[in-house]
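What follows is chain A paired twice: with chain B in the first complex and chain C in the second.
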Partner chain A sequence: MRRFTWFNATALTFGFAFLYLPMLILITYSFNESRLVTVWAGFSTKWYGVLLHDKAFLSAAWITLKVAVMSSTFAAILGTMAAYALVRGGRFRGRTLFSGMIYAPLVMPDVITGLSLLLLFIAIGMDRGVTTIVLAHTTFSMCFVSVVVSSRLATFDQSLEEAALDLGCTPFDAFRSVTLPIIAPAVISGWLLAFTLSLDDLVISSFTTGPSSTTLPIKIYSAVRLGVSPEINALSSIMILIVTVGVIAASLVSKRSIALQKADEQKALQQ
Partner chain B sequence: MNDNNGNTDFAPWEDPAEKPLIEFRNVTKRFGDFTAIDDLSINIYDKEFYALLGPSGCGKTTLMRMLAGFETPTEGQILLDGQDMAAVPPNKRPTNMMFQSYALFPHLSVAENIAFGLKRSDMPKSEIAGRVDEMLRLTRLEQFGKRKPHQISGGQRQRVALARSLAKAPKLLLLDEPLGALDKKLRQDTQFELMDIQEKTGTTFVIVTHDQEEAMTVASRIAVMDAGRIIQVATPDRLYENPNSVYVADFIGEINLIEGKAEPLGDKLTEIHWAEGEAPIIGTAPADLAKGTACHFAIRPEKVAISSERPETHANAVQGQVHDIAYLGNISTYHVKLKNGQIIKAQAANNRRLSRRNFTWEDPVWLSWTDTAGVILTQ
Partner chain C sequence: MRRKLLIAIPYFWLLVLFLVPFLIVLKISLSDTAIARPPYTPTLDLSLGWAGVKDFFSQLDMENFTFLTEDALYWKAYLSSLEIALVATLATLIVGFPIAYGMAKAPSEWRPTLMMLIILPFWTSFLIRIYAWIGILSNEGYLNQILLWSGIIDEPLKIINTTMAVYIGIVYTYLPFMILPIYATLEKLDESLLEAAEDLGCSRLSAFWLVTLPLAKPGIIAGCFLVFIPAIGEFVIPSLLGGSQTLMIGKVLWEEFFSNRDWPVASAVAVILLLILVIPIILFQRNEQKNREEG
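Presenting the complex of A and B:
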């Protein structure tokens, strides 16, 4: 049994303070009456009201959401395909090279990814806007999906696919009706990962953005350069809330499915 | 002889006019430098229960996967009903397989698992439910149709896997170590159930196993494999009583092997000189051997009698000393050490409840057997 000591308590307090104090301050000041960010002048929710009527912020939020949904969907499809090819493709020539190349963007500095994509878009004469951001986000987030899905596929009993073929499925039908439903949780968590990565990406977006496609992180960043306003505090608080709700929901869902499975197995043992 | 088929006359392999259902013609399969199957030819007949038996890595699973279509032969041909299967993908073959891991689809219920193959066949939708019910009845799973695979026991899963692979009424059912995951008692019950189902459905079964007892119980014929080759194909009793090689004799059941040199006496009777100062063993060779041929005399422990006095009736008798006794309840195995140091096992049935052993450790005993009790092997 671990005992509670003063040392543990102190370490825990400092650790959590380090992680969450900045966010706590941000949330607190989002309810500040005053226009000055660092001077407390009483509780108010007026900045949230102002935010709701700020067209520029709202359109940036809409664009961000669109980009995140589209890019994470493409990333989920492409990442799953890549993972499937790498895990199931057997030992084809240059397999190691391919898997290395899929995972390289994980460690590639964003600046380099962004710059190289920008150069590519200029070279092929593509107008920069929502499309280019979606392409860029798909490129860097599909490798995250691929990592998640391939780790699921590695533990996947391949005889399930063979059984499907044996029972009359074409290879595509086997993938659709057996493999996909089983790896779906991994694909969904890959999608969520890609979604959050796209939502808060600043560097790659700013390289590939165009005049009419400012995303929320870009908007916040440029606004902060003119001085932090309480409006931005309010916006950030909303984003923290969304992310927190999302994370808690995801963990509740997975906990519930584990609990259900356990209950089922218990039931099977009793009979 | 083949009591699992209900009549003793089931022996299509002895009828030259009979066409085999499956024919392997000089099939070789290589994985890189490794030869898994080496120039192998076998025939399997309709309604047979054919067992592929061998240690792990002998190629038996590769053989079965070639039948299912998951592997293609490097050389040679596989014919099913006279048709070359090389270009036929797994989903177009009239075969179904029961996997070692059962490979039940975890996201589908038991009934949906069984219906999976039917939905992809040309069976009309209205008949599928009836066929699923029929399979559930056959495998005694009526109450479990709505359960998911993880909500039933291991033995029930095994029956679902069997029901699913039989649902499409395949010409040929392949079973890959189907009982490996079950405990011993359940395995024995299931073996008889399998035989029962095979008889009811009239399907040809090919089973892969490394368990010789399992193969002996269920199969009409057994192919003993080693290193990608077939060593012997025979009915269980012929395999046990007339092994063609030391490998088969040693693999199937327990056996005593005595090395020696042959000296024919005529009329297939052969003397085997096996130790200095010991009388030669008299046995029956399958064919006349040349004098001095190196050979093994192989005899099963239950065919060796043990006694305290030299018996008059048996052709062969050797003296030894009880080295060890294994009491197995129904039988006892005596390990008897001969003068040259060789250990010979003799089995005696414990017909009476023993108050006192007939023999105990270090007792001098005689081992004896007739001239037809053992076989002479030259391979």
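Presenting the complex of A and C:
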């Protein structure tokens, strides 16, 4: 069995300290009594209380959540369709352009995506608000979903689908009862990815937002430009906690499902 | 029929919300600034029919692009974006490689946990991770407090609002993108190759240089591109950590649009930024393709 060597242990310790210390400091200072964030004045949870009574933050959080749920759901549907078209669509006219449009947004700087969408919304005279942010987020995150889903589609055995068709399924039934269950984990992780991308987005939202729909990142950004504040520390700590719990839970669930699958395979072999 | 619909819906969506907006940017980059709503001219007036279309095209020119080449600000911004992205990529490699190496050599029952520890920050808000560094790097921040208290320095270091802070921010936020592809190649590496090299008289260090590093090259190259490409167009990091001194093209575009309200120039900046990005993106794709063919 392999053990940690002295060099590797040091590299990992320093590496993870670098990754996690900034966040730990942030969380620690969110419990600071003082308004001066760099001076420790005793333990207190008062900034969490202040945050929970801040109407502007709460409404921004609500808008952000709404946008993220809507855009990631649309993105999951459109992205799965796009992946299907790419992997199973065969040859069709404009396929190169299509795959180009799927991959380009992945590397496009946010400032360009945001600017171009804003200019479109202005050109067609669309009022900016939640709808335009949802449209913008759906567009870039559907590309991420389609990359995740198409890698799953490409690796699974197509003969399963063909068998279903041979046994009298309509193509739609075959998709629903064979393909969808197999690609479901990829669609779910694509949805989660789209959800986080939307929650996190500052630049594209800033371009496509209207006056009455401020999202949480926009709110945080404008507060942070004035310097560090204990309220933002508290908010950040809550967000870090939610993500940590979510990621750990997701990994435990996937670990369990892999274990269950292995057990099933074992059983099948024994019979 | 269903198959056609399946292709047509996402296709149409991307045409309308990705390709058309970009054509609008291209068009506005060729227009002139005007004090009007929208603040550029000409606008396409289809009610005039063919004459309107002809009139529209005759008014487009390359003026904004000539302007960009004449004003030193834009040259400097493009060049310094490239420079900052390049230096930050190398720094990320230097920080990330030992971590990836340590992970790949760790006992196998540890690896899933280590992997999750690398991925976890990736899911955490980008903005918050940048924000965390403001408190650390500022003049009366935690880093300066510790250094002053321990007597290593007498005066606080000026890090925030310098390019140094931008480097730290990029290394910190993009580190997972560097570590994961390198880890993937190192994990597959066949240990017996290293044993063979040592049996044949290589020292450990030269075995690392002659065997490990060349085999890790695809991962290193992929990681570098994954950091370099998004770093060029970065906006949040230079704007929060770099202050007014740091010149990066993403920030220039933002200010051109939101502060100067010069839409045609902002669009021209976007077009050139995209042209600059095309080269590394094509190189990256070629590299990926080559790896796929070999692997």
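Simple rule for what comes next: the second predicted complex is superposed on the first by the 257 of 271 C-alpha atoms of A that agree within 3 Å, B and C clash if a C-alpha of one lies under 4 Å from a C-alpha of the other, contacts with A are read in each partner's own complex, and residues count from 1 in each chain.
The working rule: a residue touches a chain if its C-beta (ideal position, glycine included) is under 8 Å from a C-beta of that chain, and two chains touch if they have at least 3 such contacts.
Computed from a predicted structure; not experimentally measured.
Engineer: If we overlay the two complexes on their shared chain A, which of chain B and chain C does A:P181 touch? Say first, second, both or neither.
Structural biologist: The answer is first: A:P181 touches chain B but not chain C.
Engineer: Just chain B (first), just chain C (second), both, or neither: which does A:N8 touch?
Structural biologist: The second partner, chain C, only.
Engineer: One more residue to check, A:V69. First (chain B), second (chain C), both or neither?
Structural biologist: Neither chain B nor chain C is touched by A:V69.
Engineer: Examine A:V111 and indicate which partner it touches, taking first as chain B and second as chain C; both and neither are also allowed.
Structural biologist: The second partner, chain C, only.
Engineer: Quick one: classify A:C169 as touching chain B (first), chain C (second), both or neither.
Structural biologist: first
Engineer: Per the overlay, which chain contacts more chain A residues, chain B or chain C?
Structural biologist: Ranking chain B and chain C by residues of chain A touched puts C first.
Engineer: By the touch definition at the top of the document, which applies to A:M126: first (chain B), second (chain C), both, or neither?
Structural biologist: After superposing on A, A:M126 lies clear of both chain B and chain C.
Engineer: Within their complex, state which residues of chain B touch chain A.
Structural biologist: 68-70, 89-91, 95-97, 99-101, 103, 105-107, 116-117, 120-121, 147-148, 150-153, 164-165, 168
Engineer: Please output the residues of chain A touching chain B within their complex, sorted ascending.
Structural biologist: Within the complex, chain A touches chain B at residues 157, 159-160, 162-170, 173, 178, 181-182, 261, 264-265, 267-269, 271.
Engineer: Within their complex, state which residues of chain C touch chain A.
Structural biologist: Per the stated touch rule, the residues are 2-3, 6-7, 9-11, 13-15, 17-22, 24-25, 28, 38, 95, 98-99, 101-103, 105-108, 112, 114, 116-121, 123-129, 131-136, 138, 140-142, 145, 172, 175, 229-230, 232-236, 240, 250, 253-254, 257, 263, 266-267, 270, 273-274, 277, 281.
Engineer: Can you list the chain A residues touching chain C in their complex?
Structural biologist: 1-5, 7-9, 11-12, 15-16, 18-20, 22-23, 25-26, 29, 37-38, 78-79, 81-82, 84-85, 89, 92, 94, 97-98, 101-102, 104-105, 107-112, 115-117, 119-120, 122-123, 135-136, 138-139, 142, 146, 171-172, 196, 199-200, 202-203, 217, 220-221, 224-225, 227-228, 232-233, 236, 239-240, 243-244, 246-248, 251
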